[in-house]
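Read through the structures below before going on.
Heads up, the next two complexes both have subunit A, just with different partners, subunit B and then subunit C.
Up next, the complex of A and B:
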């Protein structure tokens, strides 16, 4: 499976009469996009732009998505949602770099996040560096929460696919080629290098905790193999923003940094041969089964080492440690990526489960750290929700419009795919 | 920090405070002007920068047997004196002395005063109080005083010279405090993971970013002798609260718990109860709050005589992202109240 990923650098985004890309500027026909997204369950939908440095706060954020388009090869972007179920990951795909679609709207649960485009909060979210097309979507009254979430999820995917289309005929600024070979060939390419893999854990615990693989709710999958190039075509998407700091927005899946960095030393230091997706379900039986299947797949691939990335915290710490234990027991060396909930003072133990075998851990930081976000000039969404979202508390929103919250409320701040440069140390 | 010479208070036990040995371990806290015992060398080493203005001395037995009173006295003294820094010990491997130094550190920390001390890493005072003091590592006995004093002086100097900030334990020379602090580094997490993997594969030295903690394991209690006579309480971390969440318990990282009456209730109705928890799918708990807090079942068991009585109040907090230290503090208070209220058994429900 070979994918040429063409990157089109977007320098600015504007509203105009035609949706098109000219000289790196994405023009958007706002009305056309609004009409495309309309459906009976949506009461109101508005689209605004938020650019790096703008004194804009977006709250509560559901998802962030990079516009992409399938230019050549089977299937289409976001299989199982926008495109059909055909296998993606080969041919050519164009990605609109430096920008994203952000979805917001009245709160579904307590769990959605904050993106500040300026001020200290901007340092903690990678999405403050992007040109964002922000879609605020209000649904009709009385819509059940699960449906509410599903409506917003589809709005984001549809908008990203629509904007991605504008890049279909554009010559990319950069083309990167990724190849994922059949295992027999992959192993024979570098027979003398150690075989490594990637264990890709997906949150799958219910409302605002779900992830989808080719349209299938990940809580219903058995751990399976996936090509990294399929992930780049949107085979994994997010329905997930609970404690937004460590949830993988769709953007993170599309740009999975573990995959990218594993390719970096592939063929030199090791042979990166396989990626296993697994879930994080709520019952012990599911956890036992999924971790056993994951370890068995890793053994069948004859992996010698693997990176395991967690999504979320607390309950999924048990999945992380089970995966680690079962892999290490089979002699497969692991490096885990997690984040921490060490309390506001940093003095409590950081994880809900532990193992002596977990001797190689990368941390994306302590999510309980308090931060004061300065007032912004404009809010897209509703600031008062800062008091109830995960990481906020009664009185989070101050009279002057500043917000005191734990960084767990900031979208992507402690991303466990290792997207950011934050870490934590013992002092 | 004040201008001129900085003011230090030094804490010592009866032995190092030159009062006497074990026979004097029962003396109550007393204060002497200027440095005493090892304080002399510390004071000399800091000459020109800071000065030990007073030395507080307390017997080790007195401290442990009169903990509340000792702590109160130390707190009062520190409040009055307002030192720029507190020195304690070094305590080496003397257990009670180490714990006393730790207590002093905890009190000083509450007052916003930094504490520098010295301790042997296996002294229980280190593990119990490590987040409250910068402990220089010492040997297990006073024979290592000669190394301990210069190390403490060095740490005090760098503390003052860097405007009250110290680098990492390795850089500055103190034992890890177990306090996790965020920082931004040069490489993103995924690349750090890949590079760690390469080292692990090659059998090279690598450093984990999070050394695994050792967890408490709670021993199960013996069974209740006669459950048909017992008062049973419900306590949950699943966030079930009266509708509207009157105490505004946070959806994550809860700073409090609630206590609510269920006297006479047979069932938690969806009109009157909900979950405040942000860490699980709340739809099913909101459809029927008894799914998380089984008031209906317990009331039936009470009516059938299978339990003595359901306690009239339940306690609720949100377990999502809540620090262990916070959870432990709530549990201690809740347990005390339940014991006082004559409850013999508790059903803990999580989510």
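Up next, the complex of A and C:
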């Protein structure tokens, strides 16, 4: 399976009469996009632009998505939602780089997810560096939360697919080629290098805690193999936005840095054999079953080492440690990627579970760390939520518009795929 | 009737929405954790993990935990998971003051807890 990913650098985004890309500037016909997204359950929908350095606060962020378009090969972007169920991940795909679609909307009263486009908060989220098309969506009164979430999820995917379409005929600034070979060939390609795999954990527990694989709710899957190139075509979609710091927005899946780095050193330092997607369900029986299947698949692939990335905190810590234990018991060395809830002073136990076998752990930061976000000139969404979001507390929102919160309220701040720059090192 | 299972909860929405499983109502998170611990010492096992998915303990005032009567005898794994969760809850209590949430926010917290509980019940219903 071979995918050529064409990267089109977007230098600016503007509203105009026609949606098109000219000289790196994406022009958007706002009315056309609004008409495309309209459906009976949506009461009001607005589209605004937020650019790096703008004194804009976006809250509460639902999802962040990179516009992409499939220009050659089977299937289409976001299979199971926008495209059909055909297997993706081969041929050619164009991605609009340097920009994203951000959806915002109040599904529950304590919803979180802050992107500050300027000030100190901007340093904590990778999305402050992007040109953002922000879609605010208000739905009809009385719409159940599950449906509300689904409406917002589809709005984001439809908008990203629509904007991605503008890149179909554009010559990419850069083309990167990714190849995923059949396992037999992959194993024989570099017989002298250690065989490394990726265990890709997806949160899958209920409302605002779900992830989808080819349109299937991940809580219903057994761990399975997926080509990393399928992920780049949007085979994994986020329905997940609490807590904001360590939830994988769809953008993170499309640009998974673990996969990027595994490809980068493939054939030189190790042999990147494959990726196993697994879930994080609520029952202990599911956790046992999924971690056993994951370890068994890893053994069948003859992996010698595996990177395991967690999503979320709390009961997923149990999945992380079960995966670690069962892989290590089969002689497969593990490196775990997680974040920490170590208290505001950083002195408490970081995870809700532990194991002596978890002896190589990468942290993406302490989500309990306090920060004061300065007031912004404009808020897209609803700032009064700051008092009730995770990481906020009574009095979080000050009179001058500044917010004192834990960084867990900031979208992507402690991303457990390692997308951000934060970590901790021990010497 | 899922006779082997009990739901220990402080979420009033669970009483309204869930039928066919024995439900015990507690006043708060501390009482839930203590009662589940006591049941484990009496031979029960954890069916669902005691910590929620992502909404932090204490921040969400509601929690529902499912346990099952199991084959009898103390299940050390359940006990270890529960005790780790209890210490995490105590840690979170240090940072979060109890808030008087707006009624709509409380209802949303109840809905989220119920959604996670239903994810669990769906799995055990399939099993039985």
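As a working rule, the second predicted complex is superposed on the first by the 421 of 427 C-alpha atoms of A that agree within 3 Å, B and C clash if a C-alpha of one lies under 4 Å from a C-alpha of the other, contacts with A are read in each partner's own complex, and residues count from 1 in each chain.
Just so it is clear, a contact is a pair of C-beta atoms (placed from the backbone, for glycine too) under 8 Å apart; a residue touches a chain by one contact, two chains touch by 3 or more.
Please read these numbers as outputs of a predicted model, since none were measured by experiment.
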Fit or clash - subunit C, subunit B, common subunit A: clash
Touching partner for A:215 - first (subunit B), second (subunit C), both, neither: neither
Which of subunit B and subunit C A:243 touches, first, second, both or neither: both
Which of subunit B and subunit C A:423 touches, first, second, both or neither: first
Touched partner set for A:374, first subunit B, second subunit C, both or neither: neither
Which superposed partner A:52 touches (first subunit B, second subunit C, both, neither): neither
Touching partner for A:108 - first (subunit B), second (subunit C), both, neither: second
Subunit B versus subunit C as contact partner of A:316, first or second or both or neither: second
Touched partner set for A:285, first subunit B, second subunit C, both or neither: second
Subunit C versus subunit B, contacts on subunit A by residue: B
First, second, both or neither for A:91, with subunit B first and subunit C second: neither
Overlap of the subunit B and subunit C footprints on subunit A, listed as residue numbers: 109-110, 145-146, 205-209, 242-243, 282, 313-315, 341, 343-344, 348-349, 354, 368, 387-388, 390, 393-394, 406, 408
Residue ranges of subunit C touching subunit A (in the complex, touch as defined): 45-57, 59-60, 66, 78, 81, 84-85, 87-88, 91-92, 94-97, 99-102, 104-105, 107-109, 111-112, 115-116, 118-120, 123-124, 127
Subunit B-facing residues of subunit A, complex: 109-111, 123, 144-146, 194, 196, 205-209, 242-243, 257-258, 260-262, 264-265, 269-270, 282, 304-307, 309, 313-315, 333, 335, 337-338, 340-351, 354-356, 358-369, 387-394, 406-408, 415-427
Contact footprint of subunit A on subunit B as seen in their complex: 131, 166, 168-169, 176-194, 196-198, 200-201, 206, 208-215, 248, 250-253, 255, 276-283, 319-326
Interface residues, subunit A side, partner subunit C - complex: 108-110, 145-146, 203, 205-209, 219, 242-243, 246-247, 280-287, 312-318, 341, 343-344, 348-349, 352-354, 368, 387-388, 390, 393-394, 406, 408
